[in-house]
Structure formats: structure tokens, C-alpha cells
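Look for chain A in each of the two complexes below; its partner is chain B in the first and chain C in the second.
After this line comes the complex of A and B, so read on.
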């Protein structure tokens, strides 16, 4: 009996210690700021990319001069040599709750008119996220976003001559997607995609990253301006990157 | 097998029947609610419910019973009748993207819309017209959630003089009005042929050279308002962000010199021997800090 007792004490002590450590470590996780997960992935185009119409800017000599070396084409489908698809917006279309759904990104991006093109060609935003419209060209543009008529966002149309100050504004409601045009330069075309919650936009190689995604199960949607949308289910754990890849079919 | 199926079908039919009656009740109820819409112009108050007969008699033929712009005459018209359910209007005193004031709509009903099939409804009484404004508003819920924008300020019209006309011409070039309206206002600018409206239908810029009346009025202040607010749903943007209120009058005076009718502005322009702007000079000042005219460049045929 006396020889057994110390063993038992040690065992109990050890168990208690482990339990305490476990509780403390759990507490630490809880006490730390909720480190959101992230979603990464890549967007591919399968098949031949649709022909991109060349753009003739000869009616606007200042812009034609900018693109003298590398002629510009339409940007309805922009795919790299390895099939990476650019300008796809990836966002959580279902499953967001609480503050994650209403939080407004502090990014406040800039929409530039440069060389008679929109840079970026596709811009993602939260409702009420401020963005700046600037004109880097030596020529006038009219910035003319055309949300769905009769919807919660409203069409406006402002002239922005060379050297004029930025226009700062926002959209009040989600809308996928708002087409932006310039009537003076009919080839200019771009999209503002207004979504709730965290979002990502695929880059040159088709890869994207959505940060600050609270743990949970979601429906993820990928939107491309001419190839439509695709969805998939995804589960995100705290502090861990989840992966989602999308494939769009060319024609 | 048959019995549960029959029961199911009966059930589905009952639910459908219930759903359709209840939804019919809702729309009727909403319709009645919306007919409570009012319009306020000066001392007049318009009531949508009082305009129903006049709307159906005078307006529905083009604008449609539902206000959707799909009346029986609509297919023959260009430009198309306004779709009131979208609550977007060309002739406003308010900034681009915002609702017009009741007075704006009242003025449009009374004046009619130049270069369109919308006639002047001045033969109707003031009360009938303000009632119709309320009726036009009842077609869209946007009037419940949004307020009309703040009217853009128009300072008193200054006296026209040569300096103001010349400064107006500089603005005409700087703001690139000529890209659509042409260097002489003949609606033949480089972008004129590709313009479309919000329904993607081709649309022409205003031709100053052969037209005396504008879409939204004939007065100097109407012209001022048109380019400061823009005509929503058309390619015509708002210039309010980049033209100072007083400068805007200079542009009004210059635009008057392009029109066919006799005016003091035209007289001054003739005395000045004012020549149309040179669009090539518009590109040149991009490198040079001072926008000095460069007449020597006329001979050079710059490729892009």
C-alpha cells in the first residue's frame, strides 16, 4: 500500500496538470482576438479562351499613343498561358452571420482611368465601402456606372476632365455586378462588384486569397463577367487556410 | 397509391389557391397604399388617387397602365416613353443619380419634352398636373426610401460680354463638350456615332446648330441646369463637380452662339470674329503646362 500511494499521487498530479494546461491553452485561444481563417485557391480556364476584340483608340490620340507598343484588346476573359483566369471575384454568398456580414472593408480602393482603360478592370467592394475614382489621362472621361435599373443602387454619370479632383463615393447595397462605362470612349468597360463580407479578386495567375474569414461553413461564389458564376461549399477553421479552386469553361 | 397522390394534389391546389388569393390581396392593398402618394409644388398638393382617370386617359397610351413605359403606342416611339417604375428622370434640378423634385416633374408635364413625343400638358389645370405628378411617383417605391437630391444652386444670370463668351469657349474645349456635340455644335463629334442610352439604344447628342429648344426647356437657366445635373439615362454627364457656378454661365453664353436663333451672344461672337475651337490643340497642352493655343500646328497631320 505505501509503495503504491506515491505513484497514484503522481498520476493524479500529472492528469491535473495536463487538464490545467489544456484549460489554460483553451482560454488563451478564446482570449486572443478571433484570428479568422482564410481561403486561398486558383481560378482556371479550361479550353480555348474566347477571342478578345482588338481596341482601336485612334479617335483618342492621347490614349492610342500610350498603347503604341502593345495594342490593347477587350478584357472580357483574361487568361494567362497556364489557364489562370484573372478578374474573377470570389466571395461568400451564403453562411455569413453577425458582424462578418455587415463589416465594411477599410481598403477604400481606387478606380483609375488610365490610357483609356479602367484600372482595375474589376473591383470588389463592400456596401458602403468608399472608393475613389481618378482620371490619370490627359483627356476627359465621363464615369458612368449603370446598376440594374429600379434596384437599390442608382445610376449616375459625371464628367471627369483631365486633372480634376477624385470622386469619392460608395454603393449602398450588394450588387453583382455594376457595369461601368465611358460614353466618350465606348470601348471602356469595367465592373464594380458589391458583396457582403470578405472577398478576393483573382490576379494575373488566377490565384486569389480571401482573408479574415470567421470559422464556419459557407457557400463560396466565383463571378466572371462573361462566363457567369460558380459556387461550392467550403468549411473554414480558425487560423487555417482553406482551399477552393474553380474551373470555368472556355468556348 | 392513388389516394395519397390525390390528397397531395388536392393539398397543393389548395395551397396554390390560398397563396394566389392572398398575394392578390397584398398587391391590391399595396396599390391602395401607394395611391396615397402626394406631390407638393408651391401651394398645390397633388393626390395620386385623384389622377387615376386622367392618367389612364392621357398618359397610359404611351407610359402604360402599369407605368412601365410599355403602353400600346410605345413600340412606335423613339425616344421611348419613360418607365416610371425605375424612378429615373432626365430633367431634374437635382444632382446626377438622385430623384427629381416634385416641381421638376411638374415642369416636365407642363412643358413637354422637346424632340420627343411627350407634348405639353398645359391644357390640363394646375391641380390636374400636380395630381399626375403624385401618380407618376406612386409607381416606384424609391420615393418612399429616397428623398429628392438638393437642387444645384444657380446664381443670378450675369450680363453677357465678350470676356464671358471667350471663357465659355475655353470651357467648351477643356470639358470636351465637342467630343460628342462637335466643334461647331453640329452633333458630329468623334464620339457622336457610338452613343447609346441606358437601354442600349442609339442616341444622338443635341445639335446646337439647328435646334433652338433643349430637351428640358428653352431658357438660359434650363441650359445651365442640363449640363450641371446631366441627363440621367443618357450619355450626358453632370459637370457640376468641375465647373464653378459662375463659370457655368460663361458656358451657357458660348453655347448660345452656336444656335441658329438671333441672340446677343451671337452678335458679340460675330463682332469678335470667334472661330470654332481647334480640337487638335486640345491634345497638345497635355505636355505644356499653359493651355496656350498653338496655331502653327494646324498644318501638321499628327498620326496618333
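After this line comes the complex of A and C, so read on.
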């Protein structure tokens, strides 16, 4: 079809071009390295980890069946064969200023209840960062986070039957750490760690990475649910990864 | 109209009695040595209550039938002796009935509560708490270690608050989520609650005993049939009450020995 109105074609073309440019520039903003650096490192456990008792879920046949092949244990200390310590939250406890201290991570993580366990076992959050609680089990759960009484965060206790919609909520203020339990399954235990600024949680091998750290000098804290906290000073330069390693001692 | 009511009443009474007389709803098989006493008591109560029920309905229907044609102005006849006599008569009759049931039931009650368990009964401790049961066995030393409520920690699976480091008696205690017992062996059940009122109910064992916070209660029983049975809480204890249960696993002696060994290795 011959173009009857070249102006219209040009206009559409221009609009598309602008839109494409906008999308690309948007992408660039996201992909661009933040103005700050990052902190990487690993968490090690020295000595023998405390004995983790296996969990008997026979009360809840649906969950017991899930773990029949490989029984699960308590998770107060989860260490790999090489001593890498999992589920340690690393955050900046001192030295953050300006927007870095108040920025809320857009990650919006999910707190899943699966096989009568909390996945993840430890979850880090910013104050006011939304998170979603879901129930993947064919049975009811009862989510009961227990922040310190009288503090700015309020204890709640909600039932979530199988197949019910997610619960989306957040914590108002920093708190290390909020223990979460399930009133129906006493063995279920997990922690939500609410901290200001960027944070990291150590993975299976004990390594972690904290991104978007503005250049500066900080106090870095590593928290483990039963081994306590450790701190160290660290200086982060722009665009350069700083390293921090922590070692916890087993009992 | 009165005659229709009387007939309807008779029909309802018969319809209610038939399924019970037909033994349509029978209790599950009894697996305990004392259960037959409970079953006898239940059936005595059922027969007695059934006779009273049918008799009361029939008398009511008869009176309705007899007086359905009463005309205004007819003389109203009173029960001999007036209301006072009626009340005293009912009081004595119901009192005798309750006393008789209590008298016949005392044998079943005494067999459970007033007879001590035999010396070689297997002691098993059960702790009820919102919303699960946990069981404890003494281990080779034949002793339960002391309980420290402040040491209860569910995230480390220390449901009883045992001090494994300082109490030597606790070291070999075996805590389980399922109650395993050998068949034909008397069990001495030591019951306590961690928080509030609960109940220990096993239909097949014919045992239902409340947990009372602050009280250490005891029961004893012998299971006579191998199988897996449900232990449920029958005292409304909160949001998760409906899901407060555990399993009673009655096993042969060799199976029990293997089970307790396996449980010990999981501590």
C-alpha cells in the first residue's frame, strides 16, 4: 500500500524510535554498576558443628512422606564439609549515611513453607521491604513471627491453609533477628533478619556477596542464629570489591 | 390434632431407636486389656438410657393421646402428692439410676485409676503442648533426666528442656514424636502438659485422659494388638487443636527393640 500520508509514517517511526531509546536507556540504568562497590567473602566454621537432631514429622504424614528418602535435621548450624557456614546474615551495622541507609531493596523475597520447613531458613530484609509468605504444602501452616515484645515490630500469627493466597507484608523497623515458628508444627523454625542498607546471606559454601555499597568505611556484622554475631571494620572503594571473611567457632 | 402429635412422637422414637438396636454404629475394635470393662459400661449406660428414653416418649405420647379431646371446663387432675411429690419421685429415681451406673462402673474405673501398674511396666512420658505430643523413654539407665522448662527450645528439637551437658540421667533419654510400645506389655504413661489443658485419647485403647497444667498424671494400660493407631487431643486447646495428633505404634517385642534402638541413634 503506497503511503498516502508520509507525515504519519514519520511520526510513528519517531515515536517507536523514542520508545526503543527509552527502553534501552532504562535497561542501561538497571544493568549499570552502582556507584558503590561490593563486599564479598566467606564464612567458616572452626571446630565441630553442634549435633543437629533429625526431625520426626510423623505427626504430619504429607510432610513425612516428602522427607522419607533423606530425613531432615534441625538447622541451627548448617556447615558444609569444608566448614563453609550457611545462613549467616552479613550487614553493615555502622557507617551508612544518606540514601544508602534508607533505601529499600526491591527484591521482595518469598518465604515458602514446603515439606514442613521454612525455605529459606534465614531471610534478610530491609525495613518496609515487602515479602511474600506462601504455603506449598497440602496442609495448613500457622506463621508466627515473634519480634521482641514492646518493640516497633509487632508479633503476628496467621493461619495459611493449603492453597490459600500468599500473605504479603513487611517489617517496620530493623531487628536482628525475628524468630518465626509454626504453631501447628513445633519443629518448624526460621529467622527473618531486618537490617538497614545492603545485606548478604551466606549460601551453601559459606560465601556471600553484598552489592551496592557506597564507598566508605564501615562496621560489618555477621549474624548466625545460634553462634551469635561477629564484627569487623571494612573500607570499600568505588567500583572495587572489598573482601571480608568471618570465622565462627563451634562449641 | 393431639392424636397426630402422639403418633408422630411414637414414630420418631421408634426411628431413633432402630439404628441403635441394629448396632449400626459400633465402636472400633478394642485393643486393650481393660477396654471390655469400658465397653460393658458404655453398653449398660446405653441400654439404661435407651429404656428411659423410649419409656418417657411413650408415656408422653400416651398422655397426649388420652387428653387430646379435653374440653374447656374439664377437671384438671394432678399427680398424686402434687408437684412436691413429683419432684422428689424424679429426684430419687434419677439419683438411683446415676448411683447404679456409678456402682457398676466403679470396677472399670478402679482397674485404671486405683490399681497400680505392675513393677515391670514400661514407663513412657508424654508431654502435650500446642499442638503436638512428644514422648520420652528412659534409655538404658532406667531414669528420666530432670526437665528444665527454660531450656525448652523447639528449633534445636529440645522439646522437653533437657540439659544434655549437665544431667547425666538425660544423656540416654530418648525423645520421640511417635509413641512406640511393645504388644502385650504394660505401659505406665506419665503425663504432663507444657502449656495448657490437652487430652490423650486413643479410641482403640479405650483411654481418654485430660492433661491438667501443673499436674503429673499417670495412666497404665496394656495393648493387645499390633497396629498403628491415632492419638488425638480431645480438649479444645487453640487454633491448631484439630491437627494435634501423634501415632501410637504397637509392635512386637523385636520390632519395638529395633525401633527404640533406631530412635536412640537419632537423638
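Just so we're on the same page, the second predicted complex is superposed on the first by the 217 of 251 C-alpha atoms of A that agree within 3 Å, B and C clash if a C-alpha of one lies under 4 Å from a C-alpha of the other, contacts with A are read in each partner's own complex, and residues count from 1 in each chain.
The rule we apply is simple: a contact is a pair of C-beta atoms (placed from the backbone, for glycine too) under 8 Å apart; a residue touches a chain by one contact, two chains touch by 3 or more.
What you are looking at is a predicted structure, and each value in this text was computed from that prediction instead of being measured.
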Chain B versus chain C on the shared chain A, clash or fit?
clash
Touching A:142, do we find chain B (first), chain C (second), both, or neither?
both
Touching partner for A:74 - first (chain B), second (chain C), both, neither
second
By residue count, is chain A touched more by chain B or by chain C?
B
If we overlay the two complexes on their shared chain A, which of chain B and chain C does A:164 touch? Say first, second, both or neither.
first
Figure out whether A:178 sits in contact with chain B (first) or chain C (second), or with both, or with neither.
neither
Chain B versus chain C as contact partner of A:134, first or second or both or neither:
neither
For A:55 in the superposed arrangement: first (chain B), second (chain C), both or neither?
second
Name the contact category of A:186: first (chain B only), second (chain C only), both, or neither.
both
Going by the contact rule set out at the top, does A:150 touch chain B (first), chain C (second), both, or neither?
first
Take the contacts of chain A with chain B and those with chain C, and give the residues found in both.
57-60, 139-140, 142, 157, 159, 183-186
Would you tell me which residues of chain A are touching chain C in their complex?
53-60, 74-76, 139-140, 142, 157, 159, 179, 181, 183-187, 189, 225-226
Mind listing the chain B positions that touch chain A in their complex?
83, 85-88, 96-98, 140, 142, 174-176, 179-180, 190-191, 194-196, 198, 230, 232-242, 282-283, 286, 302, 304
Would you mind writing out the residues of chain A in touch with chain B in their complex?
57-62, 64-65, 68, 138-140, 142-144, 146, 149-150, 154-162, 164-165, 167, 183-186
For chain C, which residues count as touching chain A in their complex?
129-133, 154-157, 159, 176-178, 238-240, 243, 245-247, 266-267
